[in-house]
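Each structure below appears as structure tokens.
The two complexes that follow have subunit A in common; it is paired with subunit B in the first and with subunit C in the second.
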Partner chain A sequence: MIAYSPYLILLLPLFAAVVIRLFLHPFPRFAISVSTLACLGSFIGSLLLLFSGGLGGTIAIPAIPWIEFAGLKADFGLLMDPLARLMATLVSGIALLVHIYSIGYLKEDPHRSRFFAELSLFVFSMMGIVLADNLVTMFLFWELVGLSSYLLIGFWFDRPAAGAAANKAFLVNRIGDFGFILGILGVWSLFGTISLVDLPSSLAASPGGWAVTAVGLGLFCGCLGKSAQFPLHVWLPDSMEGPTPVSSLLHAATMVVAGVYMLIRVLPILELSTVTMTTIAWVGGAMTLLPALIACQQNDIKRILAYSTLSEIAYMVMAVGLGVTGPAMYHLTMHAFFKCLLFLAAGSVIHGCHEVQDIWKMGGLGKRMPFTAIVTGIGTLALCGIPPLSGFWSKDEIFAATAHHPALALVSMVAGFFTSFFMLRLILVAFGGSPRSEAARHAHEGSASLIFPMLILAILSVAGGFLPVNSFLGASPEGTHASWTLWVSLVLALAGFVPAFFIYRAATRDPLSIPILQGKFYVDEFYNRVLVANQDGLGKLADAFEGWVVRGFLVRGSGVVARAAGQGLRLVQCGQVQVYATIFILGALSLLWWILKSGVR
Partner chain B sequence: MGGEITLGHYLVLSGALFLIGLAGVLLRRSLLVVMMSLELLLNAANLALVAVGRFQGIPDPQVAVFFVITVAAAEAALGLAILVAIFRIKKTTAADQMASLRF
Partner chain C sequence: MDISYLLPTLLLLPLFGIGLIAFGSHPRKTAIIVSFLNLVPGLLLAGLVLRNGQVLFGPEPIPVRGVFPFKFILGMDGLSLPLVGLTLGVTLAAMGVSRDGVKREREYFICLLLVGLGALGAFLSVDLFYFFSFHEVALIPTFLLLGIWGQGDRSGAAWRMTLYLMFGSLVLLVGLIGLVLALPETARTLDWRVLTEALQTNPLAGDRQTILAALLLVGFGTLISLVPFHSWAPGGYASAPTPAAMLHAGILKKFGLYGLLRIALPMVPAGWQQIGGVVGLLLAANILYCGLAALQQRDFRWLLGFSSVMHMGTIFLGLISGTVLGLGGALLLMVGHGFSVALGFAVAGEIHHRTGTTWIPDLGGLAKKAPKLWFYLMIATMASIGLPSLANFAGEILIFFGAWASHPYLVVIAAWGVVLSAVAMLRAVRGIAFGPVANAVENAPEGDITGTREVWPFAFLTTILFVLGLVPVLVLGPARPVLERLLSR
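So, the complex of A and B:
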């Protein structure tokens, strides 16, 4: 049985979710303890596994037979290669910190039992994606993650915006998942296996051509949905309607990078087609810049960070598209640290200002919330890739990979410029100057459960670059470092601070007003006009068909016929027993006549 | 015209009785008369049975008649009881007044 013990890191959070849902709903204190302890157990287990079995080795874990028919064999197993172990540790570790943060953040919420149950469900699902050893189980957990994301975005379901955002996230993800499942089916039919372990060795029989490209693009479609890349990025900014710990854990640090993780897993398939790889690289490249531009004109503190998340994930996607998974995974890890930190700091600000999210209604928070201000600064420097903070090391590796693709290098470095710009804007407006609302005037730091996770993450954001992360990622392309990318990206990142400083140093309202950026390039409007309008038309048509033909003609029509027949026939029931007897006699006579007539012949 | 009475005479008499009874059942208003007419129907059938048995020289129809008489007696007792019960409620025995079960 000891061989199966690694399953515990997967099953503990599920156990917690079930127990809370079934028994502990009325006892939030116990629910929180169970959920947090389960997450702690998962984290310790992941940590033990991370350092056992050697840095480069894969730990073999017996699989549980699951699906087996006609050429499809999907066992329920765990893939414990270094990549999975690193990711599992990252997920459970960040989740643990967010659990602790949530204890303080949701102290007053009457439904916090439900919140922690859903959080545990998410940890279970996410660990499932990370540890899945074949594409079918991965897809299963992929959907579970979508479900927990839906539940958590809509946690405050009494707010209409939260409900709408949850629906939007779920529906947009459906589109990506549809492509993903088509991709999985394609992999099965082309290569005859869905196991991630056997996949690289079975690619030799690849037929090549457009089929492989289609399969690769299908799998990438899954990434587009979950990792919120263009054109399916519209759900992520809206998902900020959920509680801030959720934004931090799901929509910044872990869940949204599942798409990148999946791409790294199936990279051997993607690499079979240059078209696929080029598409991925350019979608990633374009998505580094566009959200960074949009973020420059947003006023909601969480939405600014959400757009920055889109941009950072795009760096990872671009790196995968360039075929360098090491830097992508490295940036994923570092990003988890500093973006989780930034969101938790934003949560601390929102908590301190009593649910104010507009940065123009804040101001002067640096004096009232010095700790939050400092960690936000640390997170910003890490995000902008200023040495020697964590973001610098991972971004540098990604920029180095673009050295031979000047166009991509230029786009992504300009994105770095704007990232610095909007982050400094956020800090100057929210933390600098003087308070611009009553809430900001009475802002205060939160309790220790809010401070502690931010402290840990701040340390990781500063020192993350010195963690031996790369040793788990196999050979990273050391030596290919082109120094020009380093200097250009650094200069651009630093240059981004300059205009922000001069524009927003003493601003009390936004001196810039760029409608197209405020309107987020009108992608939502485009979808509403074109897609949603057409859908509505189709829906109305179907409704009319249902109302007039099905309900009106078939259902109600047959009812009318039956009623009319009944109305006619009941006239016979006159209640006169002698009339009945007459009819009976007439019947008997006609029967007799009929018998005699046929009997003569 | 021979004086002998044949099976045909009996059957004609039986048919005449049956028609009279039928007319009584269908046309008379008083339920008491309707029930008497019902008895007439049964006895018309009895007459036909007895006559056929006698002329064919077989006893079976005559046995059947005993059963019919028994059943008719029971039917009369039951029917009259129902009639009395209906009269107590409706204060009438007219058949066309018994139309509670119409649409």
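So, the complex of A and C:
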């Protein structure tokens, strides 16, 4: 049994979710305790595993059988290589902090038992993605993560916007998963395995050519959905309708980076095709810049951060596309710290201002919420990659990898400029100046359960860069550290602060107005007008055809004939029902007659 | 104890129940108790098949009056076991959600029990005559249930259903008779074991196989609601009383699929292969056309009907995959779909009972008013759109893997169908459960489903969906040798 004990880090949160669902709904205190303790247990277990098995080693754990049928073998196994162990620790650790934060944040919500059950379900599913040892079970947990995201975004189900956002998130993800599952099928047919363990050794038989490219792009589709990259990025900003702890945990720190994690897992396949790798790099490169531009003209504090998340994930995607997984994973870890921090701080602001999210209705919060202001500042510096905070180290490694791709380097560094711009805009408008609404005048810091997680994350955001992520993963840092990329990116990042400072120093409303950025490049509009409308149009056509031609004309026409026949049969005069019965008995009798006539033995 | 007597017990218990009701015992209670007791021989048989992998036949053939060539033999192998299990489970749940106080209560419950009995008989019969007749035994009460106890446009729906299914049954009959007559006179039999054996050792000529396969396809296909023979289904289910919709969509529809697996595939394999292209086209229409039509439904029961028709397309994909993987997936999805669609109609029935409507624009806010019902609505939705850990997902994924090599384009279509069905179902859930509480929901005299008495059928179906999703070997294990034999020729 001891051999199976690592499954506990996966199963504890599941256990919590089930127990709360079945028994603890009426008892929020117990529900919260069970959920949080399960997460704590998961975190401790992950930590123990992180430090056992040695650096660079893989811990072998027996699998639990699920499907083994006619050549397809998909069991629940745990892949405990350093990458998975690091990611598991990160996920459960951040989740634990968000659990603690949520205790205070949702103190008065009548449905908090359900919230914690869904949170536990999320932790379980996410750990499942991280630890899955084959593509099919990874896909299974992938979908479960989609479900928990759906449930949590729609947590406040009486708000129409929440329901809409939840649906959008699930469906856009489904479109990505459509590509993902086809990619998995492709992997199976090309390489004959879906096991992530056997995959690298099976690649020698690669046929090359367009098939490999298609498979790689299919897998990348999964990443586009879950990690919200163009053209499937539209759900993430809307997902901010969920409670802020959810935005922080799922839609910033952990779930949305699952796509990147998956890409790292299947990198050997992606690398077989330069087309795939180039596509990934360029999608990533472009997506560093576009959301950063949009964020400059957004007014909702959470949406600004959401666009920043899109941009940061794009850095990781670009790094994977360039074939450097170490920096991608490094940035993933650092981003989890500072982006989670920024969201929790935003939550603290929203909590303090009683649900105000428009930064133009805030103002002067620096004096009223000094702790939140300071940690937001720390998060911002880390996000913008200012040394020696965490973001600097990881971004620097990614920029170093772009040294031989000047165009990508340029795009992603310019994105850094705008990141600094919109983050300083956020800080100046929300925390500087004087209050612009009644709510902002009465803003206050939250309880200790809100403060503590932010404190831990602030420390990690400052010092996280010194964690030995690279050496743990066995990745050697790129040797070109002192190259031009460091200086150019740093100068651009710092330069971004300057215009923001002068424009928003004392602004009471936005002096800039750029419609195309406010309209988010009109991607949503395009989808609604062109894709959704067309699909619905086709649906209307099918429905009308069904209603008028098939049901109306054909059936009614033949119905008249049959009714006439039925009238004829009404000698017994017992109503319709007997007519049916008679006809069927006639049918059975004709069977008898036929067979007897032909003399069956 | 002679285990072979367990098989007829499965049929005798419901018959006994029908007798009791006819003689005046409490109809609903009797129906529930009998359906529950029927689980006992069911589970014993399942245990035997699962443990020994053995195929059970018996008792010894009872010749009917000595003159007729039909033999009343019952049998159960890995292919019929899941369907028998499905029938027992869905029947019990359907009795559980039925209500006291319907008009002509006695007849109502007798009809419901007859549907289950007929389905069990069809799945257990080894003789083709009984196989066909038991299905008719189940169909007739279905029409009665729809025509007498239905709602909305019940006579139109009943007519449509009768016309289609009668047409299907007749074509099927012609196909079956043709199959038997195709054999030389000395070898004619109605025992599908012998028939399969004979037709596998001495296959029929190619064109004859094609004709027979086409007849069987149209016959069984109509019962399964294969496009273009599907139009009876959505409206029929929308008008049927809840337990009848559960029984028909959950169980009886699977009769056609079971028939294809049992008869068409092994007996006319070359013909089945020959018409594979046509089947492919039709199933693509099932998925895309009915999927698109599902998007436009504003009535939850119509939506469930269309999405159920749509899933038949995916099952057909498994049937033409030509691999054990695909066939196993089809079998698993048949069972999973049966349980999930039954749960869906059960939930729809509760919503209708409480609010008087399943018209989605009139609903809203159910999650707030009836969280338990919402929970089961979510389970039914998630099962139907193929969420992992529920049975349907395992079936779908096996079908995709099994059909990928032979029909990659159809797999792409089926995978897109998963997206379509998610769009349709989640829109409905959003309309029903999210948003502010609608008047119909607010004014409902009863709120949530409460107490064990109301909740157990839902919990029961949910549990099964999870068990099959997590331990699919329960279905796949015993079926594997049967499916392998079916493909080896």
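Basically, the second predicted complex is superposed on the first by the 545 of 601 C-alpha atoms of A that agree within 3 Å, B and C clash if a C-alpha of one lies under 4 Å from a C-alpha of the other, contacts with A are read in each partner's own complex, and residues count from 1 in each chain.
Note that a contact is a pair of C-beta atoms (placed from the backbone, for glycine too) under 8 Å apart; a residue touches a chain by one contact, two chains touch by 3 or more.
Keep in mind it's a predicted model, so treat the numbers as computed, not measured.
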Any idea whether subunit B or subunit C touches more of subunit A?
C
Please work out whether A:Pro160 is in contact with subunit B alone, subunit C alone, both, or neither, and reply first, second, both or neither.
second
A:Cys39 in the overlay: touching subunit B, subunit C, both, or neither? Say first, second, both or neither.
neither
Thinking of the overlay built on chain A, is A:Val375 touched by subunit B (first), by subunit C (second), by both, or by neither?
neither
Footprint intersection on subunit A (subunit B / subunit C) at 576-577, 581
Over in the complex, which subunit A residues touch subunit C? Could you list them?
21, 65-72, 114, 136, 139-141, 143-144, 147, 150, 154, 157-160, 162-164, 166-167, 170-171, 174-175, 178, 181-182, 185, 188-189, 535-536, 538-543, 546, 550-551, 554-555, 558-559, 562-563, 576-577, 580-581, 583-584, 587-588, 590-592, 594-596, 598-601
Touching subunit A in the complex: which residues of subunit C?
68-69, 129, 132-133, 136, 139-140, 143-144, 147-148, 155, 158-160, 162-164, 166, 169-170, 173, 176-177, 180-181, 185-186, 188-190, 228, 231, 235, 289-290, 292-297, 323-325, 328, 365, 367-368, 371, 375, 382, 387-389, 393-394, 397-398, 400-402, 404-405, 411-412, 415-416, 418-419, 422-423, 426-427, 430, 433-437, 470, 472-473, 476, 480, 484
Write out the stretch or stretches of subunit A touching subunit B in their complex.
570-571, 573-578, 581-582, 585
Contact residues on subunit B for subunit A in the complex?
22, 25-27, 34, 95-96, 98-103
